[in-house]
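See the structures that follow.
Two complexes follow with chain A in common, the first pairing it with chain B and the second with chain C.
Showing the complex of A and B:
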């Protein structure tokens, strides 16, 4: 245990004092602030419409500022934080020969990987909490709305999901740094996987859906076929952690959203009667809607770390 | 020749004389004969009616014709030679009493005979005899009038108060206000305060109002001979059965009283009410699972409601069923409980839906009521536990790895 604390402390020190971290943090913080600032200015111009919504504070995060909202931005570029802080975790130690030195100390081998992973997660948590708090402060001073209890709870859940999401990418990059001896290879592999999962999976989902249920744009397609097309596309794109994350957070941040699906089939009576009460969902119901997504995110994060752990523990260290 | 000469003037003279006689004499001859036809002296005293009937308490005025049919002008003395006891009788013209009259030859005068019975005159026949006599007492004429006094049938009526209405029967639903317009007339010669009272079925309310004024009154001051219109507002017992109900209005003062009978015909009302016992119109429901709600249906009208049925407006693929499905008859004031089961579709989105429950009675519907329920559809938490189980399983795997591979 003592070894774990020592490795954790040292690793945290290294992370927070590195230029890499400072540059990354500055980049992420700047983009987030600008996005939220634009959203806040936009909200202030339309203060009248704010009275209709029950949770104006959450709109700071869900309203698109310039091109995308804060939530969307984190979904796309949040993984970079995880990747950058983890891609050289083990193989740099190996290349510099410090790994053997550490292990020759009275420190267990699992303390090294546990400490590195925990330190990475802590860095991400600090960074993300700070950004969230600063944006909330922005909202308070710029728009002048005070968040309610439910809004704070929703923000907290958003924060937890985000940390798990970035921790998944951290675990993935640590796994690559264990698997590949070369730092460049592991960095490249991480970024490649990130691009594939984030951008190409959605394209692949479209292709898969078109293959199974072809949709003729010129002719009327029956609504059932359109629905099945959308189902297949959604199912395939759920392979991407980014889709999991953005579906989950969009529903948590926007209480009016009642489903994570993009297309649903509704009868005319159902549509009429459900729009009769324009009510936001209770927090518990929102959570239940995105619970599968949250479970999946947490599970892949834990599994990813477990694989890195097992591979590292079974690896030959001395060579 | 001479003879011949003499003849013509004689003929002419005769002709002229005859012509004279023909042209001049006839009028003379007529006048003379008419005047000559009249008796030298003749007078008549005759009343216009020789027999009259009056109700008790009324007076009599009869024209009296006095005429001279003789050739000579006459001065007549007029006398009432027989007057019944207790009567006041005299002859008069417009302004004054008359005891004598001058009549020219062949002329006539109209006078008035006035007879007033005293207060204690009982009903019966009375004869008044009038005598006219010339100054020289040579000619006398008498006329007589028989006055029959009839007993009055309604004793108090002329001295009291009269109450009438133009529309004595009003028809309407039980919850309507019936407003009768009643005219009250004080027939006595004294001002008086009249109390108003009404006789109605039990639990009905009656208010008296002056016409065009929104005040409730219970008595009325009327000057002698004054009449006033007032409104009688009747409100039926809301639970009265349909039918015909009498309403008696009585107006009375110490001296007099009047009555009028009014009628209200109630047609009954068709009304129903529905709601939940707690007043709560929201219902939580888990998708795919039935949730139960009980509401009541009450007949708040006064007529029985037949064929009460339930209709629901719900989203597609939802199931709404009622127990019982319909009620044959619902008596007035009767309350019945209805169970409704609402099952949201298995794939319904979470959120609030509006579900309308409509209660209708009769065809075409005479009474209806719609309850709008807010059904909050929630997701089942069962999958949540499975997810937590999954996470625990993964964590257990990690702990197993730690235990298996750790401490190397």
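Showing the complex of A and C:
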């Protein structure tokens, strides 16, 4: 335990005092401020329609400004925080000869990787909590709407999901830092996988769906084929952590969203719910809707870290 | 464990795939002695040190360090053994004190105890004046001395020093060798010294072991090895001559 605490404290200190943290924090804070400000301006301009909604405060996070909402921004660029925090976690230590020094002290070897991962997650949590609190305060002064208990709870759940989402990317970048000796290679591999999983999986989903169930747009396609096509596309899309995260957080932050599925894939109950009942979902129900997505996100984060852990522990120590 | 022996290995082996790094190494090192571990690059010296520290698993054989099995009780072994690797690394943004504080924390030494110890150790290795200098700005010699201070932080019983004088200027190397010798004499620390600098090893070692291609081909005092290889005579042989003789024979 002493080794874990020592490594954790040192890593946390390094992370929080590093230029990369300051730059990332400044970038994310700046973009978050801008998107929230745009959202707040939009809300002020449409005050009348706002009286109809029960959760105006959450709109600060879900309303797109000029380009995107804060939730969308985190879905796209949040992974960068995780990747930047971990891409050189192990190989830098190895290259500068400090890894052997640390593990030759009376500590368990896993203290190094556990300490680094925990410090990274703590940094992410601190960064996100700070941004969320500052934006909430900023929004309070701009919009003048006090958040209710449910809104605060929803924001808290959003925060937890976001931390897991970014922790997945952190775990992935730590894995690459173990697998690749070169820091540049691990950085490149991390970014390449981020681009692939975030941007190309949806393209791949379309290709996969078209391959299995081709849709002829000129002629009429049977409804069953369209349905199957959509099912395949959605199933493949869910391989992307970004899709999992976007679906989960969009439903949590917007209580009016009653499903994560597209219109054609809705079941009879979901269809009934969205057409007959115009009230927002209760928090418990929203959680039930996104539960599989949340579990999947947590699972891939744990699996990713477990692989990093196993690879690190099995690697031969060489000086 | 034989009485008085602090390190014992029995047919210790290490293979990386088809390549044998260490082959059936049987070695005994007495408490309080300086043992020179010699051999060309790739002979298996560092691999042996890593196995004795419990940092890498042996493929065969057994070992005890301070009466502990490094495979099963690696953490306890590391409590007693200080290891200075060939290329000792430091966090360049830390100063000497912070670097030692981190090592103290890894060893479970509290802040108060660590502070007193750090002052003493920096004084011992002659770095008191550079205590607040970033290690990134340290010369090779200063880094080696700080490395020694770090390994002494845990009050070790045994020191594994892998090429401690590598890259040092002659004066720095002499100081380092003097420091190792004084640690051995004043604190009764057993030293396993791996080095290519044979004259320095000869100056301070009680016994030496010559390792070539993973096998320990000779072990004993320099005089005994000279006698074994050149026969009894009046001439005194240097360690370099003895080493080359064994090397040529292999």
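The working rule: the second predicted complex is superposed on the first by the 298 of 319 C-alpha atoms of A that agree within 3 Å, B and C clash if a C-alpha of one lies under 4 Å from a C-alpha of the other, contacts with A are read in each partner's own complex, and residues count from 1 in each chain.
Just so we're on the same page, contacts are C-beta pairs under 8 Å (C-beta built on N, C-alpha and C of every residue); 3 or more make two chains touch, one makes a residue touch a chain.
None of the values given here were measured: they were computed from a predicted structure.
> Regarding the shared-chain residue A:2, is it in contact with chain B (first), chain C (second), both, or neither?
In the superposed model, A:2 contacts chain C only, not chain B.
> Report for A:310: first if it touches chain B alone, second if chain C alone, otherwise both or neither.
first
> Name the contact category of A:298: first (chain B only), second (chain C only), both, or neither.
first
> I want to verify the contact counts: of chain B and chain C, which reaches more residues of chain A?
Chain A has more residues touched by B than by the other partner.
> Based on the superposed arrangement, let me know which partner A:288 touches: chain B (first), chain C (second), both, or neither?
The first partner, chain B, only.
> For A:101, using the defined touch cut-off, is the partner it touches chain B, chain C, both, or neither? Pick first, second, both or neither.
second
> Applying the touch criterion given at the start, work out whether A:217 contacts chain B, chain C, both or neither, answering first, second, both or neither.
The answer is neither, since A:217 touches no partner chain.
> Please write out, lowest number first, the residues of chain A touched by both chain B and chain C across the two complexes.
108
> With touch defined as at the start, can you tell me which chain C residues reach chain A in the complex?
Listed in rising order, the residues are 16, 46, 50, 53, 55-56, 75-76, 78-79, 81, 83, 85-93, 102-103, 105-108, 150, 154, 162.
> Looking at the complex, which residues from chain B come into contact with chain A?
Residues in contact with chain A: 313-318, 345, 348-355, 374, 378-379, 381, 383-384, 387-388, 390-391, 394-395, 397-398, 401-402, 405-408.
> In the complex formed with chain B, which residues of chain A make contact?
Its residues touching chain B are 108-110, 258-259, 264, 267-270, 273-274, 276-277, 279, 281, 284-285, 288-289, 291-292, 294-295, 298-299, 302-303, 305-306, 309-310, 313-314.
> Give the list of chain A residues in touch with chain C in this complex.
My answer: residues 2-3, 5-7, 9-10, 14, 93, 96-108, 316-319.
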